[in-house]
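Labels for the chains are A, B, C and D, by order of writing; each one numbers its residues from 1.
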Amino acid sequence: MKTTDIITRIQTLGDAAIDSPLASRSQGGYTQNFVSDDRRIAYNVDPEKLAADLKTHGTVPGFESAGPRKKIYFDPSKLKCAIVTCGGLCPGLNDIIRSVALELHHCYGVRHIYGMKYGLQGFIPQYGHDTVDLTPDYVSQIMDMGGTVLGSSRGTQDMDDILDCLERMSIGILFMVGGDGTLMAAKKITDKIKERNLKISVIVIPKTIDNDIFLVSRSFGFDTAVDISTNAIKGAHNEAAGYPFGIGLIKLMGRHSGFLAATAALAQQDANFVLIPEIDIDLYGPSGFLTALETRITQRKHAVIVVAEGAGQKFFTDQATEYDPSGNIRLKDIGVFIKNEITQWFNEKQIPVTLKYIDPSYMIRSLPANANDSVYCGFLGRNAVHAGMAGKTGLLISHWNNHYVHIPMEASAGKRKQVDPHGRLWQSVLEATGQGSLVNG
Amino acid sequence: MKTTDIITRIQTLGDAAIDSPLASRSQGGYTQNFVSDDRRIAYNVDPEKLAADLKTHGTVPGFESAGPRKKIYFDPSKLKCAIVTCGGLCPGLNDIIRSVALELHHCYGVRHIYGMKYGLQGFIPQYGHDTVDLTPDYVSQIMDMGGTVLGSSRGTQDMDDILDCLERMSIGILFMVGGDGTLMAAKKITDKIKERNLKISVIVIPKTIDNDIFLVSRSFGFDTAVDISTNAIKGAHNEAAGYPFGIGLIKLMGRHSGFLAATAALAQQDANFVLIPEIDIDLYGPSGFLTALETRITQRKHAVIVVAEGAGQKFFTDQATEYDPSGNIRLKDIGVFIKNEITQWFNEKQIPVTLKYIDPSYMIRSLPANANDSVYCGFLGRNAVHAGMAGKTGLLISHWNNHYVHIPMEASAGKRKQVDPHGRLWQSVLEATGQGSLVNG
Amino acid sequence: MKTTDIITRIQTLGDAAIDSPLASRSQGGYTQNFVSDDRRIAYNVDPEKLAADLKTHGTVPGFESAGPRKKIYFDPSKLKCAIVTCGGLCPGLNDIIRSVALELHHCYGVRHIYGMKYGLQGFIPQYGHDTVDLTPDYVSQIMDMGGTVLGSSRGTQDMDDILDCLERMSIGILFMVGGDGTLMAAKKITDKIKERNLKISVIVIPKTIDNDIFLVSRSFGFDTAVDISTNAIKGAHNEAAGYPFGIGLIKLMGRHSGFLAATAALAQQDANFVLIPEIDIDLYGPSGFLTALETRITQRKHAVIVVAEGAGQKFFTDQATEYDPSGNIRLKDIGVFIKNEITQWFNEKQIPVTLKYIDPSYMIRSLPANANDSVYCGFLGRNAVHAGMAGKTGLLISHWNNHYVHIPMEASAGKRKQVDPHGRLWQSVLEATGQGSLVNG
Amino acid sequence: MKTTDIITRIQTLGDAAIDSPLASRSQGGYTQNFVSDDRRIAYNVDPEKLAADLKTHGTVPGFESAGPRKKIYFDPSKLKCAIVTCGGLCPGLNDIIRSVALELHHCYGVRHIYGMKYGLQGFIPQYGHDTVDLTPDYVSQIMDMGGTVLGSSRGTQDMDDILDCLERMSIGILFMVGGDGTLMAAKKITDKIKERNLKISVIVIPKTIDNDIFLVSRSFGFDTAVDISTNAIKGAHNEAAGYPFGIGLIKLMGRHSGFLAATAALAQQDANFVLIPEIDIDLYGPSGFLTALETRITQRKHAVIVVAEGAGQKFFTDQATEYDPSGNIRLKDIGVFIKNEITQWFNEKQIPVTLKYIDPSYMIRSLPANANDSVYCGFLGRNAVHAGMAGKTGLLISHWNNHYVHIPMEASAGKRKQVDPHGRLWQSVLEATGQGSLVNG
């Protein structure tokens, strides 16, 4: 594994020399269980690879374990913290904000916790966005709302402007909640902080509705998105089953990865075809998608298709590539494309299909987190605070092999997790749908 | 009122001469409360109009009250019934099927209850659809599923074929669940039955997700649709509030009436603009929609817009009219149109809006009914059975001024309920949104 | 009807001489539709009764129609309003608070809207509760939370203290949200205001999870309570069906009326027995409940029983009557009693039943309102504001025959709506459960 | 770890010599990814322990990886399978049944899949329970219902009777879904099968709402139970916050472990005290629970307490121990006990608390699984089928360090997972509640 050598290199701002206030809570018999900086969580769980690693390196690769440290770096009485949410909405953003604010306030006694408005814009004077004072009162019920109470924005901002703002505000820890773009920005901010020789910790809590952040086994909000997507699939199934030759077609988010489409399709096992960016298919030909769909429709009278938004982009090669303001490629609308292809196919075959197209779009990301995600966000927020208070920086909080860990930004930034065509998730989709390869010869 | 003279002319197949089996349940102190055929529910509740009617007609107009009759027409031991669901899906279809089947079976002792598959297609031999035996076991848990276990279809079928099928199957009561098209078909079937001198009762349980059936104060499934639409609006609100100059645009069903859009917009009062078919607006000009939206956006930094699918069709006059297989006009996509207009407007003004478009489409109609609709469907189904067993025919079951009533098909068919611009619903939308007239000079 | 002569006697504080600010919103083509003080909604909808009334009284009894008046009494620029929530929690309290505050602020331009904390305690100096400034910002998202942001309390307080507080705060309109006790208190406050010759309007928005307020066809929050109760019944059904001789027993709220138990039982038609305060039953004997249950259990192998908390209080006559702090009789626990009786009965019969007892208790009243209730609360709140602004007082806002109306407090206070044993609700429960009379001989 | 030597000893019925039908699905480019019998998932993820294990044993302990095998033992065309659900209800039972049935039918081509009714009773002739034919049609929508379509029962049955039944029915694979008692029974059945020299595979899918099965990181249904419990806590929080000196007390399931109470308490972080079986507390004294509660109540005016049903059983030592039919100790009702203690304490202190007690009881386990649990159940069911088809026996399907594995029955049976007082879950509860030790000096 190439990342072996970097995955435990967590940067620190300096010696953590102050007793954690959590220690003083250990009165009357209750013992706070601090986590040592040496504690690791193995990167992989394959005994053979572990043995090989041990033989070669004298150790097995592992991530630094997250959790409260006995000694902290920052003096809570003087510390100022900021939190910012960036990029697209995601269920749980308010849970993260609340968890960070409550942990800082109640457990560490930090009294200055600022919410930056509208993502990175919040740092830039020209936008004139106020900051929000994240008191326990302010955050107490925000988890019942979807979205983010701080607002968000896309795109990056001038790094020096951001740094100037952090300096002016005397921020000690900056919590950044965002996706891959935010991770890149966070890395740059961390580097700039080093250049300026500042003592500011930058902690990223990774966010993506697509669940595709590298070295993060599961993103917060993903489970809620699966919940909501499952309902869309249920609806599509009912529409399909409700008409002779009924077809339900659902488009779900997933720009570069099909985790959401694949997982939601497994929830009720109602889907007969799942199309994701990682798996190539043919539209036409004897094993192609349309032939397979026709077989299904004529034999079983209805069919349900789940397509991830990033699937089948190869079908648009004749169209010019466009970019959004953040520089991302604008995906072509595969949902509408497939819908039209299906309609035309069955028109020609004179099979009177009834196709119902459902695109829940932003509904899957803009509602409040479910209980599972709320619990998860609580852990992520608390661990982010522990990391920051200990003077660690340049890291993201991750969940790996069932444990919370610190991942150096450089180990994850710019990479992407994808559905493994040979892994259990996709193999299960194949078992559940019976869709076959959908590729000719 | 023009309909005065026809609204109580409920047809019957003949004398109801058999004691209702419900009577025998009245043992041990419990008394079944039968409804007399003379019982009426006043058409309107305005005392002045009532007094005027009384003066003029010697009576006030009212609908025949629904409910169990002391004497019934059909002999339960020999009766065969059929139920069919037609047109688009609607939450509660399975509740209706279940309620009709259980009431026939448990309360009247009817043992032959057939479900016709895929709407009116189910009557036509060439489609080869089987019928379903609607036993208590079969229907016991179907209300937990959305859609219809019987399937549905659009469009009409040959009337004589349908009649032949009814005769072949010896059906005594035909329950038809469907919208305006179904009501028309039901009327024709009723007329044909009379022509053939058959003794078949036809009872319609009106269904529409748009809540626009004439002389029906509320359609089943509408409340569930409002529930789900409300979530879409919540999501859109969170998207809008989540970005600087954020706009959330939601399209909801409503071909000719804006009940769903208006009601859902009132649930959370998050919407700032509601556009419905009944209310004309201007896009441009000093009081036009886009100017009003710009004012809102610049002042309050975000806006939420709910648009019914049938709104603003005047903007498409340059496009050719198209029809769907049932002969309905294909509506142009006002959601996408408005989205593009907004985008262009703010591009020109160089205001960097972030617009998120949500179209829950079929999700609002394909999921199971909520508790409120389930209760309502139970009442509709039971009252449909009471009406049929009493030998009544050519009617639909309605809810009016808080009571269940019989409406003659001819009083409702071909007409449509719409949002009254001067009524409380729309006036409340105006109060809640503050949107003004959106019409120039 | 005895109340005929009083049901339209709405008190006013004086001439409504100021043009409603709503009028000025009628620019650009949109016309505000004001409601005349003479508009009535007929008390009943039975044409025969209507004709008889007209003959006797020269008019039919009706309630004053709610809605905005062209002329208002209070000057919005100087007006101060207060709102208080009293008694038990109910879904929709925050929706009511929000609706009242937003309507006062946005539509009438009132700028001083105070929330009184913890019910009537909020008026009494010795408790030292602060008031809350109900700005649009404060109320914007409160409907997503259950409970009441203002807090509540039980019991009454000294009337003169309350009056003194209203005078000190210069309150012009007091909105009181509460049940029958609150209605009584509101009536006393209104009388005291008259005695002191003050110009304070008192408007009650009736609240009860039991849906039993007289002359109010439906209480806000009731639909949400039915939703949640339905889930409890579903669970109980699954438990009952999940075991041989399984019995699911659910206790639901309903001190004096069984609306909740009866309605929730109809939602899924899973209940086999519904016991409510209005309907007497025998436990033992050939037609008694336990015999009927045994018959059901031996024939069908499982049974579901819904019991309202106020049912069967006659079984506790040997126990001393106790009172709660508000002076209400403490009900004996019928759920546990029935559970024990069932267990003992089947133990003696050596039938190995598995009984699962579910008491959702406060869960049905402490969660946020569903969409239907939210819409309803919006109407109630807006109409309360219209009534108060017009200088009306001593009334409650009600929904009657599908219209919003004003009910004089004295017409409703101290009375109670109950399930009519001969009405459609209970008859439908009998049809759906087939439970019979459960009374011997 | 004592179990090192046994955790991979998976028994088999004989050589798996038949090509898996899954292989033939690998046409047209798609490759089925079979799992080798040698594949392991490391038991722990602590690199130091791994290194130590490797040094000592020459290998690291690990579980056999679950998944489809290239060669299978049973001939699908002749195989008969049975599935049985035992013990208490749990969300997801129907998902498991469906997943097993669909995988057997569609992927392996097995045509005889029987559901045994009412748990182990289903095998015993004297009960006369029919079996259910689990066709794809029968199972297609059962996941929308809670409970188990097969029914369940408690307690064990005569082993020889069960074996006789399996022989009579020629069952090849028996899938047992149940908790620790079922695991014990399954082990005995497996042993008896060996004694009789039969070729019957026994596969357990572990079920417990308490999430306390040894060597299983998460039980299906647990996430759904957390969801529902979270709602109960929300309600209790609203009740507590809604009254001056309001206390919300919730009792949740958890006989011997507090996973549910602890996890649900973290979802919204509304709880101030969490009491679980694993953590001892004092009621009285300076650090005792009641003193801590009083401090909280006087300072913050409200408090929320979550208590697991198995907590505080030491307070009942003066009461006689009772047992249920299965031989389990009947727990004393800690919820009611704590409620009374609190009431008495504050009565004596003359602090007018308002205590609301919520016990969702069976509601948390009898409703349908959420999407997350549905996905999980799908994986468990499919892996159970893979294991059985490969001729493996005497194992349970588990999830460990994010992978699906085979656990030998003897490694888990009779043991129990508990909340680790020094682990992250409980430490997080302490951070989130700030409740301290609640133990005196």
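Basically, a residue touches a chain if its C-beta (ideal position, glycine included) is under 8 Å from a C-beta of that chain, and two chains touch if they have at least 3 such contacts.
The structure presented is a predicted model; accordingly, all values stated were derived computationally and were not measured.
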Out of B-D and C-D, which chain pair has the most contact pairs? C-D
Report back the single chain whose CA centre is most distant from the CA centre of chain C. A
With chain centres defined as C-alpha means, what is the inter-centre distance between chain B and chain C in Å? 28
Geometric centre distance via CA averages, chain D-chain B, whole Å: 44
Compute the distance, rounded to whole Å, between the mean C-alpha positions of chain C and chain D. 41
Of all residues in chain C, the ones touching two or more other chains: 145
Listed in rising order, the residues of chain B that touch chain A in the complex are 89, 118, 121, 127, 129, 145-148, 151-154, 231-232, 234-239, 241-244, 354, 356-363, 365-367
Could you please specify the touching residues of chain C with respect to chain B in the complex? 22, 25, 27-33, 39-42, 45-48, 50-51, 54, 59-62, 67-68, 98-99, 102-103, 106-107, 143, 217, 223, 226-227, 229-230, 263-264, 266-269, 287, 370-372, 374-375, 378-379, 382, 401-404, 422-424, 427-428, 430-432, 434, 436-441
Chain B contact footprint on chain D (complex, rising order): 141, 144-145, 368
